[in-house]
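The following pair of complexes shares a single chain, subunit A, combined with subunit B in the former and subunit C in the latter.
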Partner chain A sequence: MNEKKQSTVKRLLNTRGMGAVITAFAGLIIIYVAFGLIDRNVFSGQNFMNLLRSMSKYLLIGVGQSYLLITGNIDLSIGSMVGMSAMISATMMAMGVNPVLAMAVAMACCLLCGVVNGFLVGEFKLPPFIATLGTMFVTRGVAYMVNNNRNTDAIATGIGKEAGDSFQNFFYYGKTLGVYNTFWIALLLFLAFFFLLSKTRTGRHIYAIGSNVDAAKLSGVNVVSTTIKAYLVSAICACVVGFILCAQAGMGNMEAGNMYEMYGVAAGVIGGISPLGGTGLLLGTFAGAAVWQTLENGLNMIGAQVGIQRLVIGIIVVFSVLLDVVVRSGNFGKKAGK
Partner chain B sequence: MGEVIVSMKNIVKTFPGVKALDNVNFELRSGEVMALLGENGAGKSTLMKILSGVYTKDGGTMTIFGKEYDNLTPKQAQAAGVAIIHQELNMCRHLSVAENMFLGREKVKGIVLKNSEMEAEAAGILGDLKIDIDPRQMVGDLPVSKQQMVEIAKALSIHAKVLIMDEPTSSLTAKEIDELFRIIRKLKADGCGIVYISHRLEELQAIVDRVTIMRDGQYITDGIFKEMTMDQIIANMVGREIKEQFPRVSCEKGKKIFEVKNLNAGKLVRNINFSLYEGEIVGFAGLMGAGRTETTRAIFGVDPKTGGQIFLDGNEVKINCPMDAIKAGIVLAPEDRKKDGLCTKLSIRHNLALPNLDLLCNKLGVISSSKEDKLCEDAVKNLMIKTPTVEVNAANLSGGNQQKVVVGKWLARNSRVVIFDEPTRGIDVGAKVEIYNLMNKLKQEGIAVMFVSSEMPEVLGIADRVIIMCDGRITGEVMARETTQNEILRYATEFEKKQVS
Partner chain C sequence: MKKELLRMDHVSLIKNGETFLDNLNFQMFTGEIMGLVGRNNKGHDQLIDLICHNHNISFGTVWYNGRIVNSYSYSDNSDNKVYVIEQKSRLVEGLSVVDNLFVLRKGFKKYFINENVLYVQARKFLQENEIQVDIQKRVVNLTPLERCLAELSKALLSGCRLVIVDNPGNFLSKYELTEFQKMLKKMKDKGMAVLYIGNHHEDVFRVADRTSLYTDGRIDKVFERDEMTDEAMAPYITDWNIKGPDPEPESDEGVMHFHCVYAGNLQGLRFVLNKGECVTLLDVDNRIAEDVAGLLCGRLTCEKGRITLEHKPYTPAKAARYLDEGIALIPKDCVERLLFWDRTYMENLTFLLDRKLKKSLMSRKIFRSIRNEYEPLVGKAIHETNISNLQFPEQIALVYYKMQLLHPRVLVCIQPLAKGDMFTRMKILELLRGILSQGTAVLIITTNVSDTLDISDRLLIVEKGACTASYEKNEFNRIVR
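Moving on, here comes the complex of A and B:
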């Protein structure tokens, strides 16, 4: 029994990419403790709850982007999709449309974009950078056009104060079991997509096409549908982040989600997901999003300006990949000298 | 020999501008190994890709196990019992052995993968073949030979009865080849039909029952291997008599050009001492992993050296990076053409010009097109590179012509020492002779030629002197005319005795 348990732990530790995940979590703890020592308020329960809530959107966007990074692709359109989702749902709610219906329409639009991205990349073999650059502009354009190039009015003006409050509480201000709903939503989606990636056939195929697309195809993997599925995951994540931002502001902002696609890349990369495809664990993305948010939060608490925050985060991203490269090349050296 | 299991008749396949297959016939019986022979570009791979569902045919009929198929997808071919092991191994490096074996047909319960069941089944298949690999190991961590075994195991896991192997031995050592042949014989005894594509004609007699020969997209002949002579086979493949498989040119041995003293670089390059003289080709023989490639890389300045001196014409040269070597006149045609030798996405012209830009540019760094034209023209003419224009991508050339481009990069530079690392790997008989002639030409021009090769017959046939390496050390030096394969093999397996204490 004990032996079996040990081998499970050992196997978990031997999972490819686990090293990077552990490094990221270790970094997370160091950063958190370091800021806490400078300012004790960082350790306060309220701050911790705020931290969980604000990391949620980065976690979701990171999960979406990680799916694409693992297939060896990228999705530049998710930031704009966040804006589109926020604008479509807010505009409809400000007009008095039922929130569920408004969200369904926003989700449908995002899914459509996901399918288009997947088709362009999978079926037509467009470079993913270019294909999603296109959809990035298109979706941002739609976000602007939805309400005639204006931000929306407060959603409560359309659906009423009660419905507006309950929408905002559901996605942002409310708590369940003492933790903000935002985090529960993100955690639930994270677990679902974690399961999909690590335990199902679709997940296996996502790793396979990221590792060697020709081998995957010759083994009978449907590359087009797998690519589309990956882009659908990122679309779903972006759409939900749009709802969260809409609930936070209580209105739709045309610039919502600006640059989020890159935050997603950063979260994944800090967590050890290789932008070249084939490797990485979503647990790493979780750590990456948490590192990011802890930094932002900690720097805020000690009174650092936005400029220095960006600078530090930039250095962390490069440093974490550099670490990965150095560790790997160390391994190569050993092999060559064998 | 059993009944006919695959029958392809009058197969036609056209690619834009090329008729790749022209009325080709092919037949495979159960329990036999059929060698499919022909030069590069003869259409062997294309034919097999049609059989395995990678390409679709434009005409002809294809019958597998008595059922006629119009066109197949890779998945349908698998279902029909056909599996192909590609020349460039097609595996997902980041996935485990078991994950690769079950890729595309994973076992699931509901939507959850049944990992332990797949691992157990993979272990069973590997065990049947007596291959010692842990199914949970990452494929990227396995040596090439093991990866190939995994591919074979993968083919068996789908119960393939028709197994196509495209150049399976091109990167295996003698011992690994024996292991592969053992598995092939077992599969044959189990009633599988095996199509075996190889350029190494010497190894055919160990396993092959029948041969089919193709040339320029056409079916030439087939027959029982034992009833044919090697000369007949080669003549049918090449379409002309090759007078000498290994043309040797005699030269006066001149003065010492190049000397390496006590070179050390890692565990595979230990205390290497040797010299090269004018007018001779020095072969480097040994098993795979003996450190020959590593030695060439250390000399050329790719890998860092931990000690040693290099002399050219009696003067010491310091080589810390490839540019130092190139400037001194020491050049390398590396082992892996596509990876290290060429920028495959660039044209022949750009490839030829790349290491010579210092000669082609003026002081401001602007490339002179007329000088570039001249350089390309000379290279194409001198090396007889077969291509319509020099603007063709290097990737689109045949292996032999690619090799010529790799060599062509260096000929404009008045090099003193040319190092060839496995220059004939994966290229066909005719092109091999051209590469040998090229080496002979360099030798006659007084250039020192270092020739690393794992194929014993060509080392004995082309080199004048042979240096043998084992486990990172030089273990022997013999004159090619006075030695035998056995003697070389003895030196090549002279491992240091591990001290037991």
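Moving on, here comes the complex of A and C:
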């Protein structure tokens, strides 16, 4: 029994990318404890719950972006999709449309964007940076146009106070087992996508095209459909974050999700997802999102200026990528040598 | 009097225990076209590399332009002024010819480019050398002949006194080849030395002043001008056209049939592949491998003729999902092209397994069972999480084990023994034997038969896209390897 346990631990530690995950979690603990020692309020239960809720958005965005980073791509439209999702669902709810239907329409729009992104990158071989830059502007444009270039009224004015509260509680203010629902939603989606990536054929194909697209093609992997699937995951995550932001504000904000694409990249790379594709564990994205949010939260608590916050986070992101590149270059050297 | 430009004196090159160049003696003069006909490709790349760059050699000395540039005792890794014209272009495809010739040239120092001046200079230069290329055309739009002429111009402009032309017959049409050879003769008259490498002695004899016959990294014989005849060459080459059995009878048996297939460079290729049989296609012109692979993987369709798999038409739709149809392909450079460097040994080994088991989720039990099955064969390497830590033979073995696990009906191997030392090649042959014993039909496409005959049941000679001869195993001794 003990032997079996040991081998499981050994197997986990031997998993490629686990080193980065452990580093990210260790960093998270150090940061959290350090801020807690400066300001005891950081350790308070309420702050911890808030931390979990706030990190949920970054976690979801990070999961979406990580899927694409692993395939060797990127999605710059993910933040704009958040805005589009928030605006479409809020506009419809403010008009009195059933929240489920409003969310379904928003989800359909996001999925369409995911398919378009996947096709542009996978089928038409557009550079992902350019393709998703285009859809970033298009989706932000839709977010603006949906309610005639202004933010929506409160959703409760359309669907009524009770339904509005239910929606807001479900996505943001409500708690289950003492933890905010936002975190549970993020955790559920995280687990589902974690399973998809680590245990299914699709997951293996996603790693394969990021690792060696030529080998993937020769191994019969449908690169186009796999790319589309990765962009769909990203679209689903963006859409749900849109609902969370809509529930948080109780209305639709045209600027919702601004810069979230970069937060997603940061969460991924801090957690050891390689921006060069092929490696990384979604568990790392969890740690990355938590590091990001803990830093933001801690720096806020100790009264650091926004500039300092950005500076610290920026340095950590660059350091994480540098680490990945250095580790990778060691590997490439070996490959070339052979 | 002609001046000696290049001399390779008793040069040997041994890497990882494999001899690529074996006591090679070779001499070239200015204003001369030296032909080089290879009976096999061994050491071909290394020879070209050594003429261009002064890399380490195991024995011997290299002179270039009257001075020692490389020897067994000291190599400075410097470059010689040599230009290679081969299938792969050395020009920047997105730029125009004039940009490639003048702007992308060592010593071009102007920061602001006056295109008019550039065009005038380029036209003058090309007229002086009687080279006809549209200098404004982008390289990507050039015909193969124009591309070769542009490269020749670049060689002249860069002051290269020796040009290596590597198998131009592989990428130039017959007409283009004749024109290019005329141009090479003009360059020779201007004092340039040309090393003309070809698979067909007829092509080489047409243009060369002398021809060296090359086998396994050494020169067997040098033919002087008056000796360059088919008769003189005959004793040294394998005559694939000797009256062998009929190329390939149409057979009702067999897993896969090529019925007079025309596509790309294939001009009526036909053969049959039986279950558990290994057939080697000797691609004399080095042209058909990509086309056969393209047809089987759905990148190419038959213009005429048909392919059948288990007597059912192998349609483009089936070819698009060739792995599901039971066809697997091991390309040349299989380690680079088939392995996922960021995945573990086991993940690489089992990558195709979901396809075989038709399962998206695979239990740990299956992985464990495979690990237990392969551990005695693979050893500790099976636990490796970073496959770039493995030795080259272990990486090659991983590719073949992966295919063994997939258990395809037909396995196509392109130049399987092109890389690796003797030990690796023996290992590959052993792995192929294992795959054959599973009942898989193996098709080897190669330009060099030397080792593959050990496991082949039949050898088919393919010239100009069609089978010209077929040999059964008991007839292999008729073939000079």
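By our rule, the second predicted complex is superposed on the first by the 322 of 338 C-alpha atoms of A that agree within 3 Å, B and C clash if a C-alpha of one lies under 4 Å from a C-alpha of the other, contacts with A are read in each partner's own complex, and residues count from 1 in each chain.
Keep in mind that, in the parts below, a residue touches a chain if its C-beta (ideal position, glycine included) is under 8 Å from a C-beta of that chain, and two chains touch if they have at least 3 such contacts.
Keep in mind that what you see is a predicted model, and the values were worked out from it rather than measured.
J.: Under the stated touch criterion, which partner chain does A:N98 make contact with: subunit B (first), subunit C (second), both, or neither?
T.: neither
J.: When the two structures are overlaid on chain A, which partner does A:S44 contact: first (subunit B), second (subunit C), both, or neither?
T.: It touches nothing on subunit B or subunit C.
J.: Examine A:T176 and indicate which partner it touches, taking first as subunit B and second as subunit C; both and neither are also allowed.
T.: neither
J.: State whether A:Q305 touches subunit B only (first), subunit C only (second), both chains, or neither.
T.: The answer is neither, since A:Q305 touches no partner chain.
J.: So, A:T200: does it touch subunit B (first), subunit C (second), both, or neither?
T.: A:T200 sits against subunit B and subunit C alike.
J.: Need the overlap of the two footprints on subunit A, from subunit B and from subunit C, as residue ranges.
T.: 16, 199-201, 204, 207-208, 210-212, 214-216, 218-220, 278-279, 338
J.: Within their complex, state which residues of subunit B touch subunit A.
T.: That would be residues 54, 73-75, 78, 84, 86, 90-95, 99-100, 103-106, 108, 111-113, 136, 138, 266-268, 294, 303 of subunit B.
J.: So in the complex, which bits of subunit A are touching subunit B?
T.: Touching subunit B: residues 11, 16, 199-201, 204-205, 207-208, 210-212, 214-221, 278-279, 336-338 of subunit A.
J.: Spell out the residues on subunit A that touch subunit C in their complex, using ranges where they run on.
T.: 14-16, 199-202, 204, 207-208, 210-212, 214-216, 218-220, 274, 278-279, 331, 334-335, 338
J.: Subunit A touches which residues of subunit C in the complex?
T.: Listed in rising order, the residues of subunit C that touch subunit A are 297, 321-324, 329, 331, 335, 337-344, 347, 351-352, 354-355, 359-361, 383, 385-386, 388-389, 391-392, 395.
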